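Structure in structure tokens, see below.
Order of writing sets the labels: A, B and C. Residues in every chain begin at 1.
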Amino acid sequence: MNGTMFRSQNLIALFLIASVILSFGCSGQKLGEGPGTTAPGGSLQLQGSGASFPKPIYEKWVSEFGKANPNIRIDYQATGSGAGQKALLAKTADFGASDDPMSDEDLKSAGGEVLHIPTVLGAVVLTYNLEGVKEPLKLTGQTISDIYLGNIKKWNDERLKKDNPNLTLPDADILPVYRADSSGTSAVFTDFLSKTSPDWKTKVGMNKQPSWITGVGVGAKGNDGVMGQVKQTPNAIGYVELTFAKANSLPTALVKNKAGQFVEASLESVAAAAAGSVASMPDDLRTQITDADGAAAYPIASYTYILVYKEQADAAKGKAIVDFLWWATHEGEKFAKDLHYAPLPAEVVKKVESKINSMTAGGKALRQ
Amino acid sequence: MAQTGALGDKIFRAVLLLAATSILLIVAGIFVMMVQNAMPTIGRFGIGFLFGSEWKPAQEEFGALPFIYGTLVSSVLALIISVPISLGIAIFLVEQAPKGIAKPIAFMVELLAAIPSVVYGLWGIFVLAPFIREYLGPVLQGYLGFIPLFQGRVTGIGMLTGGIILALMITPIITAVVRDVLEAVPTTQREAALALGATKWETTTIVLGNAASGIAGAVVLGLGRAIGETMAVTMVIGNSPQISASLFEPANTIASLLAANFAEATDRTYLSALIEIGLVLFLVTFVVNAFAKILVMGVASRNGKAA
Amino acid sequence: MTSLTAICAAFVTGLLLLIIGYIAIRGFSSINFQFLTDTPKPVGEGGGIGNSILGSAMMTLLAAVIGLPVGIAAGVYLAEYGRNWYGNTIRFVADTLIGIPSIIIGIFIYTLVVLPMGRQSGLAGGLALAVIMIPIVARTTEEMIKLVPSSMREGALALGAPQWRVSWNIVLPAAASGIATGAMLAIARVTGETAPLLFTALNSRFYNYYLDQPMSSLTVQIFNYATGPFEVEHAMAWAATLILVGTILIINVLVRTVTKRRY
């Protein structure tokens, strides 16, 4: 009895001492190292976070770039465009990502000049879960706005039937799904609706996190979340990046553009939407291309951006970011098509190159 | 020996005191941090924050009411489902079941509490939500559709799904506390009742009556847990800040608002509003838990002395 | 009435079996060696949860390393010196801390650790879990120590042993198995936590051996996979859930059958 007692007591003592030492050891040492440490083998680790719109291609990029540059580990977490901008401002990530360019106000509050690097073009599509409807649904800015405003409640509403004379739409309630988090996809979507529906402009407007009409629809987190919700729920409709709908073989609606044509979202129609505005792209590259001119243009298209500080605090990291951005906007573009993103137009790549070339660390250019 | 003993005592006690005090420091730290960060909106919106029904971060309009409503209704719904079942299980285990059956069942009910929240959420999305959409919802609507509670579209995602998941999660907690409370009622009371000619069930009702405040404590404890539950709820409730009579409609709770939006609030006012609503959650759970503890302690000490 | 109460019991135990059975069936088909050791890959290229398992283990270990000593010491204080207003206050506050939603603890650690450090990290995640652990361990430790017969204590004190010697050499060893049980259950509990890790540890697609980097965990990974649109990811969510729930249930079953006591 005595023997066992003392053994267990010694065990406890040993454990307590060991754990106290360990805890001080771990926390102290790791805190001291601070951010930006090198991973084992002298490799660099970069943290990116933000938009979920380009998640599939960014995951592909960091994976492929990692294969080519095993000493640089890049992690991308699709936390949402709002979170991406916050992570950049709070400097909890090395680069942010957002579909919606940052506001002038946020840019002013940033601890340094922020560059917007467009990476690819994408389309926001309306995807829906309607049994028995085989042909693609046709929607206009006005009908989409009416659905999300709660004016169109049933699938067999006259206003929907008018644009879709060939479809037998069910007598069922529409469940609109929207983004509950702050999202660049929402910004692009509401930007288009504000341009095409006066009602929408006054009642909701364009925003990363718009004020959805109370009682209409359900919210979900991330492109993933909206897609999951639409997929799980019959008679639901939601807006997501094209690649998410394609990956799930869910249908996408044709949307009426400025020229009056119902256009399917595709690489070509997105490229057509960008083509018209390349010449007029502002110097800081922040631009919207929704409701673009041109008969072939898909009207809910957008650039998506990586956000970085022009002046990098850490030269080694800055170099890695510059290399990654260069690789992504050049070699990386070849992965775009398979994932249903449109590559950057050549003229835009030129503008991106000059932005990347302007990045510095300690006053020295990072790209030689 | 005595000298080192006295010194050793002092050191030993100081170390223990430090550890114990850390608990106070943590709670105080949480409170101070939240009040500090919530100051901008507390000052700007005052008490109106709690009663505003519009939550529009874009317009800097922050009304917490839909979240408070969603939190309370989903929790109360959970209690309505869970309390009778938990009481039933506890009575069965303490008063009726033979030991050989009671033990494994008690054990399994406790295991329910060990399953992580995110797993309940996963199960909710892929099993419970479709079940409600295909079977439970239409049936409820068929028989009770005249009540506003059961009107509207049934999507499987909404208040009812959240409430059922919560009920499942708090059942083991309420059951365990009620069991403890029932076991604390002295057997002499049961024997006395039986001796006076009461039936077994009448005896049980007498025992329940004596344990009433403890049972109330268990219920309040379950309420506290339901109010603060985050992941499972956020995965099935629909995340839509609205006040709707229908249980099939989506809603939102304070905890799931924080889970979805805290990471991305860039704007100072927005962040402050989120932390203020978190502060509300903190204070409510604090008070609810404190209240539960007082109720449960009452029974334990009374019967402790009686026995 | 007996049949009604029996139905309640049967219903809930039936539900438990249903849930566990469903997880087992859905999860089992996706589990293989590659899944258990690989890191997440772009959708459609397979991938696994090896780094999430490691991350969960590391953060839980860190939480235990901080939370157990502090929690046990606080529990000993409550049992041995806590019969006064200060002890009552701490006991009361500890009980309410147990009830505070874990998402709030996540926000607390975000403000306290993540913002000053400039990034999410395994350290922050582990600290958040430790905060959850401390009050649980403290209260179970106190209960276990109170079960030690006072005759043992009095005997030792009568022999002239100082109080700390009595606590350390007599009381703690006597309560050791109970304390260990409580500790294991607390570990199982924090292994399943998701909400406090969302803002603190974030997630990562790499094996991470350093605590100052964002770290993956099984629970956050399950959440991401579950709420996503891809069938393959849903399958991975179920498989990861099987691993997580399996681990937690095994700890629970072992601990509870070995000690045959209720906590």
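Quick note on the criterion: contacts are C-beta pairs under 8 Å (C-beta built on N, C-alpha and C of every residue); 3 or more make two chains touch, one makes a residue touch a chain.
Just so it is clear, the structure is predicted and the values come from calculations on it, not from any experiment.
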{"item": "Chain separated most widely from subunit C, comparing mean CA positions", "value": "A"}
{"item": "Chain pair with the higher count of C-beta pairs in contact (A-C, B-C)", "value": "B-C"}
{"item": "Geometric centre distance via CA averages, subunit B-subunit A, whole Å", "value": "35"}
{"item": "Whole-Å gap separating subunit B and subunit C, where each centre is the average of the chain's CA atoms", "value": "19"}
{"item": "Whole-Å gap between the CA centroids of subunit A and subunit C", "value": "34"}
{"item": "Per-residue overlap in subunit A, given as positions that touch at least 2 other chains", "value": "79, 220-221, 228"}
{"item": "Shared interface positions of subunit B, touching two or more other chains", "value": "125, 263"}
{"item": "Contacts with two or more other chains, residues of subunit C listed in rising order", "value": "69, 72, 168, 227"}
{"item": "Residue ranges of subunit C in contact with subunit A within the complex", "value": "41-45, 62, 64-66, 68-69, 72, 114-115, 117-121, 123, 127, 168-170, 172-174, 176-177, 179, 202-206, 209-214, 224, 227-231"}
{"item": "Parts of subunit B lying in touch with subunit A, wherever the complex brings them together", "value": "54, 56-59, 61, 66, 125, 129-130, 133, 153, 155-158, 234, 238-244, 249-250, 252, 260-261, 263-266"}
{"item": "Complex contact set, residues of subunit B against subunit C", "value": "1-2, 4-6, 8-9, 11-13, 15-24, 26-27, 29-30, 33-34, 37, 84-89, 91-93, 96-97, 105-112, 114-119, 121-123, 125-127, 168, 171, 176, 201, 204, 221, 224-225, 227-231, 235, 255, 258-259, 262-263, 275, 278, 281-282, 285-286, 288-290, 293"}
{"item": "Residue ranges of subunit C in contact with subunit B within the complex", "value": "1-2, 4-9, 11-13, 15-17, 19, 22-23, 69-74, 76-78, 80-82, 87, 89-90, 92-105, 107-108, 110-112, 131, 134-135, 138, 160-165, 167-168, 188-189, 191-195, 198-199, 219, 222-223, 226-227, 234, 237-238, 241, 244-245, 248-249, 252-253, 256, 262"}
{"item": "Residue ranges of subunit A in contact with subunit C within the complex", "value": "5-6, 8-9, 11-13, 15-16, 19-20, 22-23, 26-27, 30-31, 33-35, 37, 39-40, 45, 47, 49, 56, 59-60, 62-63, 73, 75-77, 79, 90-93, 220-225, 227-228, 231, 240, 244, 247-248"}
